[in-house]
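Take a look at the structures below.
The same subunit A turns up in both complexes below, where it pairs with subunit B and then with subunit C.
Right, the complex of A and B next:
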């Protein structure tokens, strides 16, 4: 089946510097990536700066037809992958394939198509499990997206376990999807939300977080990589401290899973969520990773078919996880396509993708900060601090909306302006909105150059009115 | 997770605009528009900015009131219907071809917008759905023309606001309410007119019209004899439904027949005995209007066939009435106001199945 390639562990084929991930959380690569697929790969384990080899971004561009178009008379430069990623053709083909050749409802039927669909669907689940190194595919619950996954934990685990006076620790930089569900649930349960502010590096203050932990803390819900600040939190460390006081940890990995190796066993997180559409997969599917014992203890979230064992008129009994949390017909084709996306990413190799993005992200940061009056949010990149490959920024005297509009209209550059679903963070930073350019492994150095040129032009245009 | 779902970019696409348009009807809410035939290399952009080329898929059903010929540019509100200042602005933009020059023009307008006093930057004056903050204020001048003031922290949005302020200020309410967002097409700014909460331009216009309406209603309230008026707008013939910006429950809008003063020839002879509703109507009108003459005639049987009646009304199908009222309460009121007065009194009935009224409303002197 197209797009469903079986991966063989091939650690030996990894070039040594493909594992050079500076960040402490990922010093060990436990996942496989067969580099032999790309003939150029073996000669270019290093990144774009080597002019003899073709950079990763250039190599993969042919897989993304959507990038080859003009908008408003200019070549499209897509710098909004943090909002949603583009999909390679193999993913689209996998989706099409499903509907064209074996679409059938899963888990219920006996006939051939149904069995095949079920197999592929469950195989996709296994792929997700393997991708994040979960110990069992039963620990993967398919949801509509990461937002739904967080709501699942909030309404299922939260309502059961949070009592009046219990504390939930968040950061001020969380995405709304990791704030609002906790607000809703704490209203119902009487739990209290506590927020970790930023330190002078514009990163959530982990020391303060540690201080805030107490026996009252029941949950710590934090992002892995911030979609605004591009900062990365030391999850392993946070989990250790949280577990010491008996608190659980939920990791919002939406901006990390697509870009780097994420190993849930290593992190030892209790819950982890991510969305398919940010990692080259289709929209409409995401997942929750939950430790087996935790999922076992949780009551259903949504009720319906699939999640039941026996149904009577006055009561029902429920299925085991993960089915317990997957009511109704799932997004079957989408799950399978997510599996194809995982295969695609794995073929390239997450360490390689991460390394490429660290370089490109640094390049973006440098070029952006070389422009006058540009203020980039989040930590400065350094040897010890690796930023995600995105920059949220503001230009003095220029509204981000104007900036994004002009970039789009006059230069075909797609960035995002607004609060990026992080209003509390923007309020904390003292701004209404910011502009954000975000990269993915299909972006190139030329994309960054085009963006910076366009930005300079935009700034000078608006400055001409002053 | 969709980030920045709230971004309201008052973003514009500036093109040299050709007059051939494919557009839907001028009614609110404005429907998706094809601005020009798209080349194969262009794809519609579905981003959350104001500017989108919205391609109408073949499956889209056009609103019934739209003209049947799709290529007719008559579907766009003719420029002559616009307030004079707005026409000037449209002409100006049409004469400027180059996109950047259009931008400059727009921003220039914005720069010369009279500043809005901070005390007016209130929640009620804020345009919804914008991340760039926009405020609009409206008040009457001494001739009951609406005067607008506006501000924004984004240059482009400010420019758009300035266009609207300049174009609509100093005009009477009905003229303002007649304006549809179509004129934005004529500007050659690629303006999406789809009603989404991110569409700052559309929302700005809507807010300005809502405020104009509110001023009108409030003005009438102050000058009328203390009857509290709903903000449901009585449509004038040429803007049938077009100005229903504030009207939330269009479904329950009664159809009514305005009897313009002519004697109702069907009154009198075949009087159907009044049921519960009829009695209630009579009582209410007697109590509130102190009429010299009052006739309430149940003519529901005449309408018993049509769909809206079937099964909709309580009270044994009492849905249509002829009313003839002669009362001093109508003194000094226009016809429209008289009918509105009566409708307001019969609000309850209208909500519960009364479908239509045919009204003759006179003062004793007019009989």
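Right, the complex of A and C next:
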């Protein structure tokens, strides 16, 4: 069974139900079969090089034309998917198709085009709901991106519910989009922000988080997978503890929804946000998942058309959620293209994508840590700790910007350098910036090899100037 | 004394084409190149500002030797040399190497100068810039960075501008430096365009020092030049508070359209 299980396409034979979204048996299947597979496959040579099967990365590459180009005279090696993902041609076609054949404003018109656009737009909403196993598509609010979704919660739910002395718990590893809105709102309301620090594994300390919870806590806003540390937080556990003290939980799922099965009912989160552009969808669209009863209780965020019921000169009445929070003409084509991205990902199967990335991510970690003077941030991968498929790192004596510049210029390797919108985290780690290589299911073992060779070349180039 | 000190930054003069006149740049700031077209207005302004500074303590005429020369000789020609040098390096890796060589030549910055007031904001790397006006009214710069490439940029900028007059500092545009852009493809201002951020910081702080200097001497401000209000609306990645204070001096920069006919 194990030998067969190494081939990714045969995963279906192990768990025929695993492809369906949010199926609960997925976690049981993984624990019994995949872990033993990976302990056998811990040496890099076995990563998808079986001549009888082609790895997922190789199979899907034809769908991503953008990956087949040269930059600065070298083949492009795109390792910045945590910043934004590339889009398969079906997504681009869906967008083009919308504009070419049935572009029309939604929810308003009587005519054929408008009805079709509305149907497709609402179908996209249903697809998002199904993708994260929300109980009702009315719990999905389309926003511009995850940042706007968090701001929506902050200004709509936060301003209404946070009183002076109330506490909001965040971690020091949050993305700026999950720090700054809370700072703005706490200034207005008098609420207090508290931060969970990292433990010795360089993961936010969940025990400390539990200790911080009190009846004063009104909200816990945390990431699911960290865009720097690649660590994964036990959201289910955190939600249970938070609900025990009467606090709500907002999950920033930007780095998890694109890469693994996320089941909001299983997590039992109150709010969850994600961006389309990190999951093979276009930019300009993202979503907020909010529990029905919560959304019902929230006042509007932005005002305008669509979110109203009746408008008078001196007051207006508002629509039901989700429309209440979708003022103005939405990014219709983009939402529909997001639906197409979800279809594409679902067809491959999120469990399969996740398995592939765990393996490739581990390979990246091992190869990177084999280079001297490289310090990778976040937890070490192990049987119990699965990292996200990214590595933020620093090389001793070499600024990450210089590193990234040289990698791009001489080797066509695209990585990110800077603080990755996590300045407090970098300050905590004692560095100003880091480099980050992040993978997605269209990357291959060869991409990782090219990156590591290029990195070694870069380091020796800069060392020659010392 | 003053002119030679501005070359202290470079241990060796930059490489130049063999077709260049034999006199190397480091020995003589004045070159026998075709001088930029300077309009009389600028010289008049220059003289005005010279008059502003005239006082019983004014240094001897020798230190104003370059004043008599047409405006922008020193800076524009140094810029020309550097640009042509980088242009001659067709392989990007050679440009990186050259920048790293210049980085090694950069004069060290005191630890005391690495304070947040000296940070050039808006860069992805850390850059510290120390700026003074010397007793002759020329701008003196020192810089450092935690990135070698940024250090190389700073080194080049300082070679061009250290010891220059405020007007020359203000006259340099980031487009003039785009030839030296190593590895940064975009032309737009962004956090990775160290050039633009450091240059803007140099110019913004030069203006404040000139302002303070003029105020200190109680001198009369020449007519206001609007051009640089636009320049400073978006500085270093953050919006400057719109200057309610009028910068009333004319930084006569119009003639400094450097002509790179090489």
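The criterion applied here is as follows: the second predicted complex is superposed on the first by the 418 of 466 C-alpha atoms of A that agree within 3 Å, B and C clash if a C-alpha of one lies under 4 Å from a C-alpha of the other, contacts with A are read in each partner's own complex, and residues count from 1 in each chain.
Criterion: a residue touches a chain if its C-beta (ideal position, glycine included) is under 8 Å from a C-beta of that chain, and two chains touch if they have at least 3 such contacts.
Keep in mind that this is a model prediction, so the values were computed, not measured.
Bringing the complexes onto one copy of subunit A puts subunit B in a clash with subunit C.
When the shared chain is aligned, subunit B comes close enough to touch A:420, but subunit C does not. By the document's definition of touching, of the two partners only subunit B reaches A:147; subunit C does not. Look at A:218: by the touch rule set out above, it reaches neither subunit B nor subunit C. In the superposed model, A:291 lies in contact with neither subunit B nor subunit C. Once chain A of one complex is fitted onto chain A of the other, the partner contacts of A:354 are absent, as it touches neither subunit B nor subunit C. Residue contacts after overlaying the shared chain place A:177 against subunit B, while subunit C stays out of touching range.
Once chain A of one complex is fitted onto chain A of the other, the partner contacts of A:125 are absent, as it touches neither subunit B nor subunit C. Once chain A of one complex is fitted onto chain A of the other, the partner contacts of A:70 are limited to subunit B, with no touch recorded for subunit C. Of the two partners subunit B and subunit C, it is B that touches the larger number of subunit A residues. Looking at the shared chain after the overlay, A:367 reaches neither subunit B nor subunit C.
On subunit A, the surface touched by subunit B in one complex and the surface touched by subunit C in the other have residues 72, 398-399, 401-402, 405-406, 408-410, 417-418, 432-433, 462, 465 in common. Interface of subunit C with subunit A (complex): residues 92-93, 96-97, 100-101, 103-104, 124-126, 146-150, 182-184, 191-192.
Chain contact summary for the complex, subunit B toward subunit A: residues 1-14, 41-43, 45, 47, 49, 51, 99-100, 103-104, 107-108, 111, 131-133, 153-157.
Interface residues of subunit A facing subunit B in the complex, by the touch rule stated above, are 69-72, 82-84, 145-147, 175-177, 227, 254, 275, 278, 398-399, 401-402, 404-406, 408-410, 414, 416-422, 432-433, 436, 461-462, 465. Within the complex, the subunit A residues that touch subunit C are 72, 398-399, 401-402, 405-406, 408-410, 417-418, 432-433, 462, 465.
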